[in-house]
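So that you can tell them apart, the chains are marked A, B, C and D in the order they are listed, and the count of residues begins at 1 in each.
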Amino acid sequence: MQGKPFFSVIPLIGILLPWVSLLILTLMPSRSRKARLSLCFLGSAATFVLVLTLLPGILDGHSYTIKIASVVQGLELRLTVDTLGYYFALMLSFLWMLATLYSIGYIDHKENRFFIFMALVESFILGCAFSGNMFTYFIFYELMTFGSYPLIVHEETREARYAATKYLVYSIAAGAVLFFAVVGNYFWGGGQLGFGQYGSLSLDIASRAALTTLFFAYLAGFGVKAAIMPLHGWVPDAHPAAPSPASALLSGVILKAGAFGIIRVVFNIFGIELMRELKVFIVMAVLACITIVLASLFALTQDNLKRRLAYSSIGQVSYIILGIAMLTHDGGLGGLMHLTHHAIMKGCLFLCAGVILLKTGKRNISEMRGIGYQYPITMIAFSVCALAMIGTPPSVGFISKWLLGNGALEAGLPVYIIILLTSALLSAAYFLPIIYVAFFRWEGDEIEGSARPKLSFTNESDYRLMVPIIVLAILVVIMGIWITVPGFPYSLVSKVIGVIFH
Amino acid sequence: MAIFMITLPLLGAVLVSIVGYLKPHWLPWGALVPLLASGVLGCMLIGRIPSDGYISYHLGNWSVPLGIELRVDYLALFLMLLICALGLLALIFSRRYIVKEVSAGRMTAYYVLILLLSGGLMGFVASGDIFNLFVFMEIVALSSYGLVAISANSRAVRAALRYLLMGAPASIIILLGIALLYMATGSLNMAELAGRIGQSGYREILIASFVLFVVGFGVKAALFPLHLWLPDAHSIAPSPVSALLSGLVVEVSIFGILRIAYSVFTPHVGNLTSATSNALAVLAAAGVIFGGVMALLQKDLKLMLAYSTISHVGYIFLGLTAFNAEGLTGAMYHMLDHGLAKACMFLCAGSFIYIKGFRRIEDLKGAWRQMPWTCFAFGLAAFSLVGIPPTAGFISKWYLILGNVKAGNWVYVVVLLLGSLLGAFYCFRILYYMFFQPGKEGAWTPRPADVPPSMLIPIWILAVATVFFGLFSGLVIPSLLKAAGLLI
Amino acid sequence: MKRLLALLFVAALAVLLLFLVTKMPSLGDPDNPARQGMATQYLERSPEDTGAQDAVTAVNVNYRGYDTMGKVGIIYCALMGVLAVLGREKRGRIQARLDGARVAPSKIVEVMVRFVIPFIILFSAYVIIHAEISPGGGFQGGAIIGASMIIFTTIFGLQEASRRMPQGLRVPLEGSAIMTFFVLGVLGIAGGGTFLTYAWPRVSTSIQPALANWLSVIVEMAIGIGVGFALISILFAMMREEEDLEPVA
Amino acid sequence: MNLSHNYLYAAAMLLFCIGLYNVIVRRNIVKKLIGLNIMETSVFFFYISLGYTRNGVAPVAGAGADPTRMVNPVPQVLVLTGIIVAVGVTALALSMVILLHRKYGTLDTDQIMRMARQEETQAAREEGN
């Protein structure tokens, strides 16, 4: 990575910090619920702050590393914070903090299990972000996979069990493929798995066929998490089944872990030149386009709100894949930035859906007539994020779409732009009706001249639920306007992309 | 020093039998001493082995062709330490547990047999003389027949008799193989044999003897079509015994094949063995799949574990047949991993039997409310068995697959991955029952009421060891790689 | 059907093995590989090395003494296995169902047995001790001891036999062979050699063969006693029928 | 020709096959064990004939027997081990047979299996209600 990485224990601490809240939960007496859970929140907040402390160094272009354990040379458990990983870590720890706060107000039974596994998954996925080579990434990725199972099954209804089992089956199969991919990488990469700045594989140690196989193995392995179309089956079941903060994190972070894996593979394992050489990026791009369009179409047909959001997540994650597959400066920029943008928007949307579900118990959009009058703040936040999703300026959604469009032109393939516009239209088609139903319909409006209900801020829920929603909704706009603020995605991503597309 | 590692448990067995006659209640403690001693000796031995070879110890001061030679390389020492550790833990576990399954009049025999078993295993592993190998294999075999039958109810005796009726012909076959080998070369020492096989004129006889060895050891190691005895024997024996049987005895029998295939019929004589080794690989692959599927179908916990042993035997064989250092390392490390994990799971099954007396998988629903510690240890061991990072199973699978990739036989790579999928399914089914299923009313006490610590500690040592050897496999792997590289 | 299959299988195996026989070195040929190699060295060196005239005994006890230790271990294993299946008897008397309803043997038989048994034991002692210069050895002698006890038990009943051979006597003697081996092994190390060295390098070379000879005689005796008593205990455990130790569950 | 010359080996091999056949097909456990012993004996026989040397003498020095004419002592030693193993296995197996016979009153494997299966079903039924 950039320059010589400094030794630093901060990544290790960052990974171990969530375990503190685990200890708190297991050791503290079970009566003091409030205290324990707020301590959990403090734990995740502390993690976020710790990650934040690394920001100046990263902005100066340093990177930090620490070796945990080593099997043989080239096969070692090493944490390295480079810009790309740091970018992911910052985003996820922030979102995680908010989600933890939210779930204190949301989760009402089996808190211990839920929060313990929240903490575990946070530490594992931080490990993914900080991992210094593919070996480490794979280890933390698998741990994250199995750790997030209890989050999905939490409700323990029949749907939840079914969804969680489906998730597990998909993930185990993917894990096997990925395992093969990593071993093959070790074998064909000449006995090392490191993340090279311009990729660590090359055609002069391995044959073209081998590398192509390897790439597709990686794509299949990570594609399950990243919900590329033929492999997306678990997503629409898991999201509605999981409790809302969990589903926010699912589509905000855990899907991104797959995408992040693909980013690592493309940028640091294969490298741009090799990708161009092998021509495999075309397949990636085609799959991504198919996914974008089809997912939006599926989303149209869903009446269950969270299910519709889930399908839209499938589509949106493929934006990232598409942006990477363009192999152009702006494309990469847009894709990488969409990683955060989509996390914020979709996180907020899921949290809003959670509030509605919690307060009114309504799952289906058709039941939500006039919901905007009962919960104005929630629904306003929802509408902001929905508009951002569609890509209306000034919002983060607009930024990433714009950059992706530029990338498409740079790549000389305007067809991508058509795809983007189609999906924008489709997402308008499936988001606007929700807003319409929420604000311009109300109970009994079919009778002529029935009075529209008054806005009532009284029955908005407590701060623990509202703060995350509001913060996210505001960020959606702010990040869309002041793009270059240090710490916001652009400042980091531009570094990464600048290095890769020297 | 290695010699004392072997002979102390044998001597200890005799003394323990006397102790059992005079002071029966000293038995559990007295039995620990010899194994502890040999374990300490083994640890002292670690540094002394030259990393590019093996300690050879000439018994009775006779030069090689005359006397018997012990050869302790890192692979052997590795297994000997594993044997000491598992034996000790099983003994500690037995102190409280065994009264459930063994009557007072058989207690002495139980402890003595476990000591003899461990001593025999260590002698087997360390031996550098092919006939001495047979002798210690017989000690192992006889003591394991006895241990399977020790609870002396009709099921156990039937299982033991079936085991014996398959095991004894196997030993005879091996004896015949030794005869053919001696006939063709006129020597019994492994190193010398390896030299003489090269220029021996009797190819057919050599091939025949190799086949006989493979068949004989294959029965003892439950290679796929010869596994018929294993499910009954391993599931009906008392739990610590099943832990030792499927954690050690099977592995060590595979190690016997390893010795024969690599130290006696060296791969330089490869064309001599390649055909049989291909057949071996096919059988092993079949075993992986068969064991996995059968394990998925079982209703009885210990029976399921037994079938998964068959599947994992296939894994280890696939490592051997890769014929390169990585595969061999993977096989050895998988012996370690499977030994630890499977022993831990059998002990957990034992503690379920100890608390509730049942062994059906359905009954485990919601078990973790009452027995959290046992259930979590079981979960760790299951993770290691499936090969989820960062457990030892992951490292071993890594090297197994790497070896097969290097050898370029892709079919077996696919088989290994399929096997781990199956493993994941049959392990996670149990974890799902334990943790995410509500138990039947009154099946479990709401408050934790787990097994006594003297049973929990061995379980947890094993469970933690699986994770430890996954994270810090760097301590073992390099020396294993080097030792394996020497054999190739 | 099953029989037919088995027959076919075994027949095929027989054909294979017979084909193998045709490839074997010719029978009794003095210069086939088995006769060469270490066998000749044993035959030439054993008298000087071990002081034992009988090469078989020399190889058995001295050159490959470690194997012999293993053999003793096997017998001990078998005994313990039998006890594991049938259970060690309680202290004191035991009897078999024979004792209750047994036809009293005629006086002649009893007298003959009383008369013969000492000679049998004497013969076993001869077989053991004389192994150095003629075929024989500890295992054979031990087997003979066991046989003598079998005769005694069949005639006088298990109760009488177990009175003559109480458990307290058998338990330590069963393992005597292994213990002796261990002690001699340690002595061998102390004598400057390795485990189970009989001709101690520390001792002057003149008496080494004699020393080795005597030590191997001791080993033979120990083997004889150990094997004999192990067989006797197996016999008792098998004949004992009263108070079956009922298994747990 | 070689076959007729190595008749001892051939006999041993045939004996081995006979023993194996008995172990496989006999239903009576004791007969199975007898078959087992036949196998073992055949292997011992093979060893001994392996040690044979044409017009050789016993490997006992002294009395001026020259070592070159002695038979090979090694197989005899190995056979001794084999015999010990055979004794041990047989004793163990017989003790198990004794226990089974006390329990079921028969030595026929099929009958024992049938009774055992009845037991299992009985136990299952009892568990059921």
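Everything below uses one rule, namely that contacts are C-beta pairs under 8 Å (C-beta built on N, C-alpha and C of every residue); 3 or more make two chains touch, one makes a residue touch a chain.
Quick caveat: nothing in here was measured; it's all calculated off a predicted structure.
Undergrad: Please give the intersection of the contact partners of chain C with those of chain D.
TA: Under the touch definition, chain C and chain D have B as mutual neighbours.
Undergrad: How would the remaining chains group if chain B were removed from the picture, with no chain shifted?
TA: Result with chain B masked: A | C, D.
Undergrad: Closest chain to the protein CA centroid?
TA: Chain closest to the assembly's C-alpha mean: B.
Undergrad: With centres defined as the mean of C-alpha atoms, identify the chain lying farthest from chain B.
TA: A
Undergrad: What's the distance between the Cα centroids of chain A and chain B, rounded to whole Å?
TA: Whole-Å distance between the two chain centres: 44.
Undergrad: What is the distance in Å between the mean C-alpha positions of chain A and chain C?
TA: The mean C-alpha positions of chain A and chain C differ by 74 Å.
Undergrad: Chain B to chain D: how many Å between their CA centres?
TA: 27
Undergrad: Counting only residues that touch at least 2 other chains, which ones in chain B make the list?
TA: If we look for residues of chain B contacting two or more partner chains, we find 131, 135, 138, 142, 145-146, 149, 152, 157, 160, 182-183, 188.
Undergrad: Give me the residue numbers in chain A that touch at least two other chains, ranges are fine.
TA: none
Undergrad: Please output the residue numbers of chain C that touch at least 2 other chains, ranges allowed.
TA: Touching at least two other chains: 20, 23-24, 34-35, 38-39, 42, 64, 67, 70-71, 74, 77-78, 81-82, 85-86.
Undergrad: Can you name every pair of chains that touch?
TA: Pairs of chains that touch one another: A-B, B-C, B-D, C-D.
Undergrad: Can you check the complex and tell me which residues of chain D touch chain B?
TA: Of all residues in chain D, those touching chain B are 16, 20, 23, 29, 32, 36, 39-40, 43, 46-47, 50, 74-75, 78, 81-82, 85, 88-89, 92-93, 96-97, 99-100, 103-104, 112, 116, 119.
Undergrad: Mind pulling up the chain D residues that touch chain C in the complex?
TA: The contact residues of chain D facing chain C are 2-3, 5-10, 13-14, 16-17, 20-21, 24-25, 49-54, 56, 58-62, 67-68, 70, 72-77, 80-81, 83-85, 87-89, 91-92, 94-96, 98-99, 102.
Undergrad: Can you name the residues of chain B that touch chain A in the complex?
TA: Within the complex, chain B contacts chain A at residues 383, 388-390, 394-395, 397-398, 401-402, 405-406, 413, 417-418, 420-421, 424-425, 428, 432, 436, 471-474, 477-478, 481.
Undergrad: Contact residues on chain B for chain D in the complex?
TA: Interface residues on the chain B side: 131, 134-135, 138, 142, 145-146, 149, 152, 154-155, 157-158, 160-161, 164-165, 168-169, 171-172, 175-176, 178-179, 182-183, 188.
Undergrad: So in the complex, which bits of chain A are touching chain B?
TA: 68-72, 76-77, 138-139, 142-143, 146, 150, 153, 156, 161, 165, 168, 172-173, 175-177, 179-180, 183-184, 186-187
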